[in-house]
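Common to both upcoming complexes is chain A, partnered first by chain B, then by chain C.
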Partner chain A sequence: MTRCGVWWWARARRLWVLGMALAAFAALVAATQQGVAVPLLSLLSAVSVPVQLLLFAPVPVVAALGWCLDNRLPEAEAIAVRSVRLTDTALAAATGVVAVAVAAVLAAAADSAAAVAAGRDTCFLVGLMLCLRPVLGQGAVMTGPAWLAVVVFFGFAPDSALYRWTIVGHPATSVPSLAVTTLTLAAGLAVLARSTRRSL
Partner chain B sequence: MTLELSDCTYRYGRRRPPVLNGLTYRLPDGLTVLLGANGAGKSTLLRLAASVTRPESGNVSLDGLRAGTAAYRRTVAWMPQSITAMHGLTAREQVAYCGWLKGMSSRTAWGKAAQALDAVGLSDRAGTKTTELSGGQLRRLGVAGALVHDARVLLLDEPTAGMDPRQRRVFRDLLNQVTRSGVRVLMSTHDVADLAEEADHVTVLVQGGIAHSGPTRAFLARAPADTPPGRAAEAAYSALVEAASGDMSL
Partner chain C sequence: MRLWSRVRTSSALWAAPFVAAIPLLYYIGGAGKPVGEVYEYAPTVVSAPLYAAYAFAYAAVAALAAWEGGRLKEAGVWRLAPARSRYRIAVGALWPVVVLGWLTVILPVVVALVDYGVWPTGPSLRPVWLAMVMCLAHAVIGFAVGQRVPKAIAAPVLAIGVWVVVSYSVTLDPAWLRNVSGAFFNKLMLGEAVPYRVLLPHVLLTGSIALALALGWARLGKAVLRMVLALAVIAAGSGTACAMAADWGYTPPLLADQAPMACSGSAPRVCVPRTLGGVLKPAQREVSEVIKAFGAAGVGLAPALVSDSLTQGRQAGERPSTARTWRPPLTAAAREGQLRYAVTVAAVVPPCLRPDPARMLAATLWATGLTGTQRDLRKDVVTNSTGAPDEMAVRDRAEQAYLKARTLPEDEQATWYRATLRAACPAGSP
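== the complex of A and B ==
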């Protein structure tokens, strides 16, 4: 199977890494959706707060997507007639859809809505990473862990509840989180679709 | 097939001086060698001509086609200084991918990739992962990637860097073959002595402006009369750069 352009694109992006990351996401969600928490120190409240491990499930997906998008043939893609930017945008959108779908299936299987929130959080962090790629370049793959670190250290109120600005970690029914996630993902996809000629 | 840059200015950053300043240039027939010191603007000129980037002011066009349009990009091929080896792809796959990106069907790109690799003497490495190629082989892979879609204008940024003398000979033969088929080639190089005498035209850039552009014979005539045999190109280049630098410093 060496005579298909999209296949070459997929090989160039090394999409198998993204596939493995999605599998890791599924495994993490399945293992932690019932409420596995670890105590971590919140800097604002200066007390230890129970942080759900489910919060970290999106990290491999976001990092892998950023890494895959950086595996490019910049000199050829910069002056391409076919727009691989659109293919990349479709990949990012599909990643969000698959993460939500996987989370929804696992949530249905376990009869717990917590997993759905992990899917939504993945979409938010994907959108954030895509928005920051033009500024941070390859460093954008660290967007997920960096945002989660900020949430862990500064996102908990004294009563151990998450502030609304954290977006991630809120229940799946949180309308503000869903709205911001939708906007962030849409903005990220738009940035990716319009980004041009980087790294040359 | 006329590639023209009209009054083009380009700078890397608003506060930096322009690399190209009001440059107007028309690419002649055949093989043109682009000479100039580091930072003279050779790569920038090639990038503008390849439509990788846009000039701050001025226009780039090819027979009326504006740079950046699909028709323009189908006609122009570019090989940059640094060639990326895609992990996981073989040499043939990477060249075919370049052809597919240029709008060729996958089947056509696959067939043309084999021909392009053969033309640059890499057919025996077609199935080799690109990450396993040597520096010289990678440059030839870049040339193959530029040749794969039958462009009418070929822009090569120091293509012979890292090639050994035999590979350079093969490459020069390839260029002769390409230019005989009607393709216009603009190639930057530091290899003044080796290549300038074989080119149809020579263009010399000094500090973002054109110090000389004309037939090779006119370029070589700039060499001082007492130049030893075989050193005419180097002497002519030095004389031109010194004259142009002197003019600019006045």
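== the complex of A and C ==
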């Protein structure tokens, strides 16, 4: 795509909203990476479990990315002249990269590795959202809150430790979480790359 | 729009199975169940499932209302306002969402009432009214947010935001902030009920924000005027709410002694919770035995009422017995087989709130000696002992005073007892 084309695409997608969401993500991570927990009721253990607020930091980014990808100019994009597939997929990948980078910088500044996990969680939820977008349409933006709600309700063992299947919320060094996140994000990007031209 | 068309097109319909199921699952899973014994007391049964439902119901209502608000905005319906009142448009779009919120808070309450076989009473339903009013307020707030922020962003952020903020209020310091959160986070105990004035701060804070946003829909002159009006409403509402709740700690001032009682006799009238009426007869017998024993020793007691302290809920023990009203823990004592002991302890009434512990213990030793329950008292003292040195000193002084009193002639012992109780309260003590 030409430089002019990218500019046109960025304005059509209203990318500044995604930028604001990433700023909100950075602020949330900075404010909560020292370990602020909210007591939420778990369904399995029937008591309040302390849930790290950091777990919820990816929500605005995932929602904003979904919304930005839905901002399209169907007539212009239906013509094959400008390939928005590539730019859209690059946008989704870049969002994940920026989230991880922001989290890593904040983690280094605060000398705590917890924040890096928030970047990884963002990638996972972005991948999940992208996978479900062809099915759910606009409703796919609720993927983030829905997955987090499922984690709160069913993801805590009786000793308040997270089960492995939750993927989110584990330390940044967790290999299974990292592997599944990579797979999910890759799958999400593949789905996005193939479905971009189908209007939602 | 027709009723069914409205429901069919609302986001509340597809969300309903998930949203309404969660508080029910909380109840089945145990988080929404009353703690301890229920005693067929409706406020206990109602307040427990609500505890688990508030935050989730408000979050769902706010998110769905934001979605509906965004849809109306995108479809241009909101701009039809000259032809239709904006309030009518909002009501038409919001009622399925609000009804879903109401179902979410009411269903687990109904299940709990059926489960425990309890019929709801007026005071027991007050937290339900709170939850329903708050659903309304959150719907208005979500709707207004959904019109200013794209619905795809507003809905997920509100869903998590409201859920977390309302739940987080219980950990906040200062503690009274939980009393304006919109959720009545207290599981009521036997005899407790919540007065409306305790629920008012919840409604004032969130309700004033909702009202201010809703005022913005009216065509009131200039935008500046609307803004000033909205800010004034929010300041007044939240200011009043915080001023009301600022003196409350974790637990707001609850009503006590609200449980239906079964009473019998007169002078003294003995009362126990109606659902535990079996205690009444033995309690009455022991009360008259204790009064007779004191009378025989020369201490005339004339309580007008002997009432079980169980119905004071978490304030039990904070309002001690007076000469006219004794408050022994009748039900608990009956279970331990210590009815007479409990009544005897309640009968030892000093003329102040914080008597000297050594003199009180000496007087109680003498009193339990009269009713043959001294063994229970000594066991109690040992059980409650922390082993602190000054506590041991208090015990030694009490035992010595009691031993000295035992050597007195019988008719002087009653005088000693009265003098000891008086001396336990030096002039000016509360």
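Rule of thumb we're sticking to: the second predicted complex is superposed on the first by the 193 of 200 C-alpha atoms of A that agree within 3 Å, B and C clash if a C-alpha of one lies under 4 Å from a C-alpha of the other, contacts with A are read in each partner's own complex, and residues count from 1 in each chain.
Here is the rule we use: a contact is a pair of C-beta atoms (placed from the backbone, for glycine too) under 8 Å apart; a residue touches a chain by one contact, two chains touch by 3 or more.
What you are looking at is a predicted structure, and each value in this text was computed from that prediction instead of being measured.
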Mind checking the superposed model to see whether chain B and chain C fit together on chain A or clash? fit
Could you tell me if A:V59 is touching chain B, chain C, both of them or neither one (first, second, both, neither)? second
Scan A:W8 for contacts with chain B and chain C and give back first, second, both or neither. first
Counting only touches as set out at the top, which of chain B and chain C does A:C131 meet: first, second, both, neither? neither
Angle chain B-chain A-chain C between C-alpha centres, in steps of 10 degrees? 120
According to the stated criteria, A:E75 is in contact with first (chain B), second (chain C), both, or neither; which is it? first
Comparing the two partners chain B and chain C, which touches a greater set of residues in chain A: C
Partner chain(s) touched by A:V84 [first = chain B, second = chain C, both, neither]: first
Min C-alpha distance chain B to chain C after superposition on A, in Å, is 11
Can you list the chain A residues touching chain B in their complex? 2-5, 8-9, 11-12, 14, 71-82, 84, 197, 200
In their shared complex, at which residues does chain B touch chain A? 47, 50-53, 70, 73-74, 76, 78-80, 82-84, 86-90, 92-94, 96-98, 100-103, 106-107, 109-110, 142, 145
Quick one: in the complex, what on chain C touches chain A? 22, 25-26, 29-31, 33, 52, 55, 63, 150, 152-153, 155-157, 159-160, 163-164, 167-168, 170-171
Seen from chain A, its contact residues with chain C in the complex are 17, 21, 37-44, 46-48, 53, 56, 59-60, 62-64, 66-67, 70, 138, 141-142, 144-145, 148-149, 153
